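This report refers to the structure that appears directly beneath it.
As written, the chain order gives the labels A, B, C and D, with residue 1 at the start of each chain.
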Amino acid sequence: MRTDNSRKFDHWIRNDFKQLNTELELAYQEAGCRDTIVGVGEKTKQTLLDEGNLHIRALLHEGNTDEGFDNGFDLLGNVGFFMAACRRHDLTEPSRERRSPLTDASALAMQLGASLGVIPRFASAHLETHNRALNGNYKSFTNLPDEHLFLEYNTRGVFAFIRASEALLHSLPLGISHPVTHDLLLAAQADLKQVIANNRALFDTLDVDRFFYAVRPYYKPHRVGLHEYRGANAGDFAGINVIDLLLGLCRADDPYYSQLLVDKFLFMRPDDQLILRDCMRRRSLLDAFLMALDDPEATRAAWFQRNAKAFLDVCALHGETAIQHHELLIARFIEHPAHRDGLDQQSDLTASGPRLDVMLRGLKKLCDLRSAANVDGLSTRFADLQRLREAVDHA
Amino acid sequence: MRTDNSRKFDHWIRNDFKQLNTELELAYQEAGCRDTIVGVGEKTKQTLLDEGNLHIRALLHEGNTDEGFDNGFDLLGNVGFFMAACRRHDLTEPSRERRSPLTDASALAMQLGASLGVIPRFASAHLETHNRALNGNYKSFTNLPDEHLFLEYNTRGVFAFIRASEALLHSLPLGISHPVTHDLLLAAQADLKQVIANNRALFDTLDVDRFFYAVRPYYKPHRVGLHEYRGANAGDFAGINVIDLLLGLCRADDPYYSQLLVDKFLFMRPDDQLILRDCMRRRSLLDAFLMALDDPEATRAAWFQRNAKAFLDVCALHGETAIQHHELLIARFIEHPAHRDGLDQQSDLTASGPRLDVMLRGLKKLCDLRSAANVDGLSTRFADLQRLREAVDHA
Amino acid sequence: MRTDNSRKFDHWIRNDFKQLNTELELAYQEAGCRDTIVGVGEKTKQTLLDEGNLHIRALLHEGNTDEGFDNGFDLLGNVGFFMAACRRHDLTEPSRERRSPLTDASALAMQLGASLGVIPRFASAHLETHNRALNGNYKSFTNLPDEHLFLEYNTRGVFAFIRASEALLHSLPLGISHPVTHDLLLAAQADLKQVIANNRALFDTLDVDRFFYAVRPYYKPHRVGLHEYRGANAGDFAGINVIDLLLGLCRADDPYYSQLLVDKFLFMRPDDQLILRDCMRRRSLLDAFLMALDDPEATRAAWFQRNAKAFLDVCALHGETAIQHHELLIARFIEHPAHRDGLDQQSDLTASGPRLDVMLRGLKKLCDLRSAANVDGLSTRFADLQRLREAVDHA
Amino acid sequence: MRTDNSRKFDHWIRNDFKQLNTELELAYQEAGCRDTIVGVGEKTKQTLLDEGNLHIRALLHEGNTDEGFDNGFDLLGNVGFFMAACRRHDLTEPSRERRSPLTDASALAMQLGASLGVIPRFASAHLETHNRALNGNYKSFTNLPDEHLFLEYNTRGVFAFIRASEALLHSLPLGISHPVTHDLLLAAQADLKQVIANNRALFDTLDVDRFFYAVRPYYKPHRVGLHEYRGANAGDFAGINVIDLLLGLCRADDPYYSQLLVDKFLFMRPDDQLILRDCMRRRSLLDAFLMALDDPEATRAAWFQRNAKAFLDVCALHGETAIQHHELLIARFIEHPAHRDGLDQQSDLTASGPRLDVMLRGLKKLCDLRSAANVDGLSTRFADLQRLREAVDHA
């Protein structure tokens, strides 16, 4: 059960707030704004700021109301939507501030984040897996079709990854040689194929400029209280990393990957954090298959041939999703427009904060790990998969 | 990490124990035993008892070794396999005892059960979802193909139900009107179709008498310490009840169903218990759709027609699995042979303990709830589904 | 936040219900009833039954309202108060029924119990550690001073045990040789001394007959749904067993003690269950000290002399509380009056159900374990403590 | 169970590592070093670096070994001891690096931190509440008596705060008017008096310069991977904040205090985080007492006078510990020597990183909140406590 103030704020976020952002986007478009939006829609911006602050002040003053995790998390999302919109409309900007000027919103967000065990800003769960629709309408910044397209495809992709991760998790207690592990690997394949189809569809339908100039800016880093937090991205759920780790393509003792995990944890919901934590202590399927290679007899067993083959196909599909994300989605919707419009040097271009080229280098590494590419200076599982493939092919 | 004693016992369960049970089953078959097995294979029975007790004594004496939940749960399964085999071979029999004569096994099982938060006997997780295979061989009582067939199909069925339950759980935060809820309902449909195909295949391939006389008896109720515990059955996992409750076909405030849940909880693993508990506090999808009926406008919305249709199809498929379980599997593999061989009055026929007709009446009720049958004296969701169906058909 | 129905029921339990029970107790007393109460206050009994059922029916029909664990647990307590009073006034009686005639109360209690992870009846937490007072009044069956005396001293004793258990738990990560472990052992001593003083005061002030005939009967076993559940007793909290296990006086692999734990777990709150489970996997302090004896040098170390001495004193105090409980409280308030009035053969005399002599034998065993008595046929830690004592004394 | 490598590393930390640090401290002292230690003991520093790295490399290469939470947390502490010592001996220095040059230690620490749910560095739990002693020796950086004094008194103080917090937590379900709440408030008073005595003793015995120049430097902020983490301090446990919040002296919706909580959470162990989170959703005792003031009748009740009085005394004692911490400990052991030796402008002086005056201003605020001081511009509970005091005094 929620308090009245909390319900009213939710109503505002789902209606007037969306309307104001939509108006501003249309005004920016009309004014031909690309990266700078100074001087456009100033009155609307102020309305958004004032109305939001009013709601938040009321919530802050009613104090601790213990509405349960789900309602608290939802409220944090609403505060986060507001703070992210303020950042998008340049009402706040982390490099020109030492602490967020949205004092009340920060206080409320920090109280909620601390009490929930997550970062004090909206995360992708608020947009995707936990974005409740009322009468067909889920929460979004604007009413614009590009944002809806982006969110729906993201959500579908995320759930498909999650289902693949669940299939792999179910196989752990059975071990790599159980007959039903084969069924679970096939299930994971089917799920990853859905990711691929979904990415393709997004690639084909999303408008590059509308995305780049009217959706992406809501995901910029901004401050809450003293600290700056990177933006949400579609990847802030455990499932994708569960797949990485269980397949064995990425490893938690790799300094690059463990840094990524350290930075990502609090962007996940606590239940998701637990899933990922639990999976960090497991032996990967790849390592289990490699151990089986030690016994040449075992590799000739029917179970080995069947299950190793199915496993290799899962790896290949996961690699394909990564390549697609990197070479289709990021290239088309971020890299090209940034380059075209001379924005690559800008520091606030990406959700995570660093300069575009730095971020791209990082994402390339991730893509190489996931696709087990044969690259110098990066310890991917290329050779290990090769060994396994040979044991399957030459049987 | 496991202790040496624990590893040796596991090795025994996976090898000699299986061998001994297999020999006994073959001896029973040879001797033409059906329900009574007195006097057959007495020496082998004694060997099984002695060897098992020796292992267990060693484990009990090494004391508390804190090997983590997974190893503890696995060990409990092994003790449970032994105790269940003793029951099957009439080395123990609850109605002639006041406490289990397997004192050491009971002490170890009770310590493990209490420390793990589950009943102190093997549960279906030990046979199915958490039955680790080594080199292609999972744990079983015998080497007989009928038992393997039964276990593998059960395991596949269980995972298919679990995946359906996961799809429904993912839809909860989105609500019934979210576009991606449609995708999740389709996923649940696909999973339930797998259950149906799987049940059909089991029906077609399992041998009635071999199942009835050489597999089923390992699932009889028996004592651990003072209390008698019903046997494991394929249904002791949360997923099936999660589906019941989320769809809204069964309700936790129905006295029949809440008694079933009360009796079932400790047969599940603690993580499974939590999933089911959490889901008991949710509003069902059916109730959510019925609330939408209050607003005639809403029912004409595209989301309603699309999602309600997909929901109704999920319900129909879930009902179908229940009817199949009752009218095909239970009828063919339990009811008919019991009737044919005049065993219906026997009290230890079923995993749950009561006389066959009592159990069948209970299972019929469950089947009627799940298939929303229109029966007198049982409050199924027949009429509610009817109302929803009309809102979809007449749109 | 609670629903209106839930609030109204709570109000009834705290007022009219208490009044009705009080009237009945006074009527029983007036009529000179001891063990049988048939025919006395029948109209009042019926009022209690009808009013309670009315409240419960309303709650059952409003369905699943997800008010959070605390409110759910509190409501279960209220349903349990009502069911226990019905048993006390002989409106239900397990031996003459196959299932509880309180169908609605059972359904509600089972739904709540299953969803909370506890037995579906009131437990001692409802009376003691989690019995919220409003304006100075906590929940009780009657307004009679004897019940209040009993509850308040119990609650104080329980908290003193809990604090002792917390001190011991804090010492685990430090180990037996840490200087601050000494401080924690002293803290445990102080807490146990409070238990002793408190038991003494209860012994001195509680009226034997008023307790035996007007308080105890509310704690009788009764059915909820199909099953009979033993009554609550002051010991249904983890702390006391945590002390047993951490000191090492009782061991979870002892068949008597593990049966006790198995039977007790669901009478505890889930958080309490977790504490006890976690502690079952720890090495006891006694075992740790005994290991140190292997190195004669170590036993001469100052830390050993200091900490072993403090540990032995904790054990002695814990033993004293057990002896006091057995020889003062149980003897005076249960054994003597039962014997005097010829009720020892009665099956429903005790909270746990068995005949008095059986129960007393069980409790004697527990007392011997806790006080490490030197008794035949029971494996207490007498000899082990003796060895440790010698290492301390002869240093 | 731990791996061999893990055991060897622990042995090194408890022996050679301690020896090397001790030697270095003595060399620094001998050389008359105060704040700079360049050029002194360079060979010993290198030995420490090389030996530590060797151990860590072995651990990193043996990969994920799933030894359970406790062992993992302990190992993280050991890596953290090493990294902190490197910082102390200037082998790393965050302002001259962009990422920690201790690449392997960082990778291991990040993997452990991420998988455990804590910051990837040692925290105060490693030094205090979870610092296991072997044969009387707990872990420390050096063998110097000043460090031991500091650690032991800190540990005692921490446990006394924890016990006070436990007493307050136990009172929550009882409410402010329960007779046993009075007992729990008295228990909290006794615990806080122990804190006070303990602080006093530390003040009297610790050597200012030895602490300032040979203990404190091990608590400096340093990098792990990319990020800089502030040092551990004695306050990184939930208990102290539980007291703040339950008493009501600090509030989670105060921007200063919620920032403090946000920054502190991951420095606590996960079980501690949960305790604090749970307590953030509770109503404070002070707020509960203030609500009772609305009913003038209630304030004349015996329970009110008794319990409110006891509560006010708890508040006074908690305030006293805060004042003592600020005006005795911090002043004597940090502020004065820093000022005397002209180090107040230095950025790495404090565990938390900011310049001394900034940190001191923050701590003053905290002290004012806890002691409910009457200060301008800070919303303490001064007036509220005043109102309550009047209701008690004038009864």
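The working rule: a contact is a pair of C-beta atoms (placed from the backbone, for glycine too) under 8 Å apart; a residue touches a chain by one contact, two chains touch by 3 or more.
Small disclaimer: the values here were computed from a predicted structure and weren't measured.
Looking at C-alpha means, what's the farthest chain from subunit A?
Most distant chain from subunit A: C.
Between subunit A and subunit B, two copies of one chain sequence, what rotation angle (nearest 5 degrees) aligns their Cα atoms?
For the C-alpha superposition of subunit A onto subunit B, the angle is 180 degrees.
Rounded to a whole Å, what is the gap between the Cα centroids of subunit A and subunit B?
37
Taking each chain's centre as the mean of its CA atoms, how far is subunit B from subunit D in angstrom?
49
Cα centroid separation between subunit A and subunit D, in whole Å?
Here subunit A and subunit D have centroids separated by 34 Å.
Could you check subunit C for residues that touch two or more other chains and list them?
none
Within the complex, which stretch of subunit A touches subunit D?
Contacts found on subunit A: 60, 63-64, 66, 103, 106-108, 110-111, 113-117, 120, 225-227, 251-255, 258-259, 261-262, 265, 273, 277, 280-283.
How about subunit A: which of its residues touch subunit B in the complex?
Those residues of subunit A that touch subunit B are 70, 129-138, 152, 155-156, 159, 162-163, 166-167, 170, 173-175, 177-181, 183-184, 187, 298, 301-304.
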